[in-house]
């Protein structure tokens, strides 16, 4: 088997993480996994949603969107259609849930962080790039909160990152691009923390069910990829 | 550790599968996982959505809902609020995707099966009960399609079933009810086919990340539970 | 004339009223008028809507829905379409208005009762079955309010019940099922209290206008049917 | 008892019916029941809604609205709130249903008439004024259809009119204005044809249930009022 | 060139301004620019929107609508379609912005004026007729506020009026009716105050771009027309 | 007077136009007017909207959006709120209208161009930057249509560009940034073609009305700025 991109089965695409990409957000990152490019911003507010008020804990939430022409053919704009599609809702819930696992909400106090992940160019793996970039943006936003005296101590428990793995032409591969993703037999997204624990595993058989062995191979690849991504996040944050 | 229900860690709740629960649908099942009760219907149509016309393949899709007072405190009715919530969207996408893995869409011809899973009483595990019951309703609907001469052969490739597993008070347990679910450290939904392959695995750390070892224990429990569920499905379909 | 069901013109379908049908709601009733089956729940809250606060009176409101496959062909799910249809709105307004006539809102204090009527199987007369069942669920919920000390005295002024009557093949008949309802010349829904007074009368000519004499025959039948229904409600509540 | 307006119990408000009120619609009527003023237009189209195509029958439908400041305090604009309220939906369904009873849909051919009733000033009885005015607008529109050769013969089977009756301070009264309507014990809307038959009767107890005797008194008043209204419609159409 | 209406290039249509057109609003004007007829009401409230509370200033806002059959062919009702169209939104923003320029919001105190402009018959120039009529309705509403002691002094800084101008068959013309408007090369709406200053100028090339000279000719015509309109407003307010 | 940015009154911000900014769209431009940064894409389709089919003409339309954190404080995402705000609607209508003035729709054949302008960073003038960048993206898309043989000849009649002008601290200035824009007495957007004609002029008094003289000064500045912008567009397209 040869991957369409010529990469080795355990090889990430070229990844870049650019901080301060836009000027207004407390954290703003352009993350690229190959041709997949996502603007991730983290916005802070000194209050929490109504249902959490008075409990002394903070909140982290996320929204996700794709520019209409981030894809090969133009998608209808969700704002114009009047609602977010099911895929969008599913992805933004995943991003929010994952990032909350990186933060001690008690230590955040009654403050909120809102993550926005907007895909400007898509080539597979937009949700994993989003989570990986958003964690860096969130780290920057938390630093701003510290500078402004909104919080004491560091609510960031650990960096987290995400990667897709899959079974493509019978073989487990790391970080699928669109040509692989649209033909994979199995597609799995893995989110892990820097301590090596799992935050979320979502693996879907696109055609035939997958075996326990394939699952293990994919998790091995994911562990390797996430280790590399977390190293890059840390390098970017230096 | 003692489970709130007193069950063994690898013990399912009492499960019942009642076919022909309502009279109009081609497949209609009341499925109970303990106090969780879901009406699953399968409706057939001799056409497919516009985006699939002329391709000769069929379609399986699903919708999910909860009666407003299926839960301890009343939830707002989604029809009245004017949209389905994120959790609903996520669950119905999962149900549809899982059931499509049980069916040979080519063999279905240009026909559709629409699954409706409506929770009338909730006590944890509504999505896994839904999938397990819906697969039986779908088998009944496919039999109706055969009787009516809409299809030749059997598009049902295999039965599938779903179960939740989790880490509760530090120990992997099978089939969480609401008191466990709301306090679990990790929550995982597993959908498998009768051949033992994975169709979907979704595992989320609610607090701390979970280890590879915990993941393996949960998958072992899930495999045992799903084996029992598929036996019950087959018994019900006799 | 013979009715499709073989019933006498003044004969109700077999009616059953099952209390405590689900476990979470303060009142939960499964009501069956023949093949029409509706789950009616009553949910209590110790507050009233904003526009009524501080007036010392309570509120009773209702919502109505049909499961997508409660009918012969699948109806689109209102939550998915993003709004409740005109028929739904009309029916739930009728249910709420009727039940408020059974309750002394002053005696209810600043508490609310929300009725949910969800049709799981439809065969004509869903709104009248809903009102008849909901009144029993409401009686149970009021008893819970008394037990919990939320109210003193009994705000339930009287039981109410509802029945459809119509002119079918030129003759006034009681409690129309779907085959009659879809061919009736006139369709009338009558809601009465146990003291024999009218709470609501809604009579619609489906084809030709109806005469005063026909109206009187229909009201006579309705009075007989409602007397029987109220006796069944009281028996169920014993 | 004295009515707030000083009218006799069986006395209508001053009624006027002005045809050709606006210039674009095929039928356009300003109808006034005292201070209640409604613009009723009838618009014709040479086609029917998709669900009726090819059946050779026509369709009549209606929409209803109130200008935001037709009432004592400003109501939010339904177009701005993004949906029609329950009362609006209920009224426009009633108007459409009533007017369909005046028309032979077969004789209309595959043509549609859309009625718009827009209240510019409200003082009670807007739905009955709407129906009474709309029937005149529809008669004008049908004449246009005849002139244009869209139909042969006359699909208008009879004129219809509507009036409210109620029990106010213990006495049955005809054509309630707002001060009466907001204090009535019972409120009933009656729609009748020129042949004296009932098209729709909707009577609601606002407080205590009403008796069969009160119902009969109200229907007697309604019959008298509708006779007068139909005479005025015919005078206006001369 | 001859204008379809036979008017001179600098001639307004017949304009009428009728105050107290409906009885509930604090200001209610029927304004006619030829066959264009708009009901303009001004409603007062002794509070401001949440985002302005506590700042001591008032607010003026506007909503615009067209009755479905105000036009040659029936337009769908925006309330039924569930949203206001782009044209509606654009026009009501323009009306609100223009009227705010006529009022000293500080002198208004924390009070609001809501303008509703509802077109009952359209023949071009509905937005300019709306603004011109609404300013008179607002003047009446401000007088009511003074009578009720809600404000001291006069927050109305000046009367404003609006007119359309355009290039039609190569020549600048004043106050376009529908036959001109739908064929104009350039369409411009001008809003001016009584002191001769510009409040808003919006000029759009419908076909070829327009020159500076044409722009100047149009502005000259607009100045003349607005002078006449403001004189009529003042006459009406006497 | 000194401008906050230190620019001369007739000086544009630094402008850059980067083609091929993203890879999927037929035209993709990043346009920067100082700190205002907008991604403009042009997408082609070989069909027109239903209301235009069979007329042989093409269509150009536009949509506009701002990333939630393109601004100083986070704005709610329009897709999540379920509708586009009034300002968005107004701007995207302006963009579409302006670009249609640059194209010969007959020469476009039955093809569509959809423009998407998404603001990733805002500092005043987002609509004028959008139009200026979108015209370049559209030129690129038209070239693709020519290459693909979708059209013969060149439907692009001329380049167009847009700039804001205003009165700031009593003086007319060119190309307002956010600090000027939010304090300007008058704000005007001018769209012109390369032949010097006006396509759209929209000038709004934010406080006091503006004089004819101020209007003329602003138009002079706009003419100068647009001349420079069109030169930059042509340079970029070389």
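Think of it as A, B, C, D, E and F in the order they're written, each chain with its own count starting at 1.
Criterion: a residue touches a chain if its C-beta (ideal position, glycine included) is under 8 Å from a C-beta of that chain, and two chains touch if they have at least 3 such contacts.
Note that the structure is predicted; figures quoted are calculated from it, not measured.
Least step count on the touch graph, chain A to chain C: 2. Contacts with chain C and chain E are shared by D. Once the centre of each chain is set as its mean CA position, chain A and chain E turn out to be 50 Å apart. Spacing of chain A relative to chain F, judged by their CA centroids, is 33 angstrom.
Rounded to whole angstrom units, the spacing between the C-alpha centres of chain C and chain F is 59. Residues of chain C found to touch two or more other chains are 82-83. Read around the assembly ring beginning with chain E and moving next to chain F, the chains appear as E, F, A, B, C, D. Residue ranges of chain B in contact with chain A, taken from their complex: 83, 86-87, 89-90, 92-93, 97, 101, 188, 192-193, 195-205, 208-212, 215, 219.
Contacts from chain A toward chain F in the complex involve residues 22-25, 28, 35, 37, 39, 41, 43, 45, 63, 65, 67-74, 77-80, 82-84, 88, 114, 116, 118, 120-122.
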